[in-house]
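Shared between the two complexes below is chain A, which has chain B as its partner in the first and chain C in the second.
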Partner chain A sequence: MKGEMSIIVKTITKLIYGFIMVYGFYVIVHGHLTPGGGFQGGAIVASAFALLVVTYGNQGVNNYLKKDVFSLVESTGLVLFIAFAFFGLGVTFFYNFLANSGGLFGNPAIIGVNPGDLNTGGTVPIMNIAVGLEVLAALTVIILTMSAASEITKEKEN
Partner chain B sequence: MKKSIFGIALIFVLAFMILAAFDMRPFGEPTVSEMDDYYIQNAQAETGANNVVTSIVFDYRGFDTLGEATVLFTAVLGITALFREVVR
Partner chain C sequence: MSPMVAFVHIAVLVMMIIAAFLAVILKNLLSAVIALSAASLLLSLEFYLLHAPDVAIAEAGIGAALTMAIFIFAIRATKK
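== the complex of A and B ==
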């Protein structure tokens, strides 16, 4: 197919793009325990999608990576983020109403240096996930749009 | 005339800088750090997140993150509006 790279690049891409995505989602989900967070993890996952687009060309990924789906995911992430900011409105905007509540993400953190518990942080992990979804979808939409535009511009020039 | 005005302005600026230098904190002592100390002491107990940086970014200063997310959203909006003729 037009615009795709050599067999070596394709094989290596098949091997590693899943690991890149898993690592990115790990950074997103563990944002409240380890260095990183929504923005950084989202950028890592988007780099995996960028690798796919570069390797297989815009026509190769057209049937699998839909721009409308990513656009929807992006809007969902931003709406989720703002919604969880509004849920704390009983006290203030952006109030962390889930922290130390005992429910979802509500365990109190152990004070001091410790390996960390995933079920802590209140709204912080939820907002990490929301921002991560938004960033990964936004960067992927930008990459897909620009690759499609460059392809069409090349065809016009020829 | 112009040179004398320039000279007077220079003297004023130099005097201001020297006065400001006398008012600085001594070497090796950081600037005002009450806010940082508060975050380091209380962030873990208040937000429950072990990562203090994330608890600042997503909790104490959520408005900043909201602005960043909106900037990214606007960037995507601009890109799709820019290429609307080319891509469908």
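== the complex of A and C ==
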């Protein structure tokens, strides 16, 4: 199939693309504790999808990575973000109503040096997850569109 | 800044200049794109040494990975 890379690139891609995705989701979920957040983690996950598209070509990933599905994920992230902004409207827009509530992400933050409690932050981790979904889907849609456009340009020139 | 840290900074910057120069003079387009990506990756290392890990992750994700993917699609559309 045209537009594919060599067997070396394919083997390395099969080995590492899962690890890149897991690292990206780790950066998204730990956005309120460690460097990085929704945007950076989403960019890392999108780079794993870009690796797949570069290695297997546009036709190789057509059945697995669909533009409509990623567009839906992008819209879901944006709706989640604005919905949690409006849920705090009892006090003010973007009010952190989950912080210190004892429920989801509701533990009080620990003072001083500590290994980090993931279950803190209130709506901040949820906002990070929403932004992460939005960014990974949007960048993957950009990559898929560029790949399809390069195939069309090549067919036109030949 | 200790001399050791200053040496690491200068070494990273010199390698960045070499990579950027290679990106200009290499005739093979794929090699030139990989040299540009190496320059971007060294820039993200420099951001990390300057205590900006947030910017370093964004630079490594966007500058090194996604830009290179888009350049490779552009190269695939060209004729040999």
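Here is the rule we go by: the second predicted complex is superposed on the first by the 158 of 158 C-alpha atoms of A that agree within 3 Å, B and C clash if a C-alpha of one lies under 4 Å from a C-alpha of the other, contacts with A are read in each partner's own complex, and residues count from 1 in each chain.
In this section, contacts are C-beta pairs under 8 Å (C-beta built on N, C-alpha and C of every residue); 3 or more make two chains touch, one makes a residue touch a chain.
All values reported here derive from a predicted model rather than from experimental measurement.
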| item | value |
| --- | --- |
| Partner chain in contact with A:Gly3 - chain B first, chain C second, else both or neither | second |
| Partner chain(s) touched by A:Ala138 [first = chain B, second = chain C, both, neither] | first |
| Partner chain(s) touched by A:Met146 [first = chain B, second = chain C, both, neither] | both |
| Which of chain B and chain C A:Asn96 touches, first, second, both or neither | first |
| Partner chain in contact with A:Gln59 - chain B first, chain C second, else both or neither | neither |
| Chain B versus chain C as contact partner of A:His32, first or second or both or neither | first |
| Greater chain A contact set [chain C / chain B] | B |
| Which of chain B and chain C A:Thr76 touches, first, second, both or neither | neither |
| First (chain B), second (chain C), both or neither touched by A:Ser47 | second |
| Shared chain A contacts, counted only where both chain B and chain C touch the same residue | 35, 37, 39, 146, 149, 153 |
| Chain A contact footprint on chain C (complex, rising order) | 53-54, 56-58, 61-62, 65-66, 69-70, 72-74, 76-77, 79 |
| Chain A - residues contacting chain B, complex | 31-35, 37-39, 71, 74-75, 77-78, 81-82, 85, 93-94, 96, 99-100, 105-109, 111-112, 114, 116, 120-125, 127-128, 131, 134-135, 138, 141-142, 145-146, 148-149, 152-153 |
| Contact footprint of chain A on chain B as seen in their complex | 44-51, 53-55, 57-59, 62-63, 65-66, 68-70, 72-73, 75-76, 79-80, 83, 86-87 |
| Residue numbers on chain A that touch chain C, as the complex places them | 3, 27, 35-37, 39-40, 43-44, 46-47, 50-51, 53-54, 139, 143, 146-147, 149-151, 153-154, 157-158 |
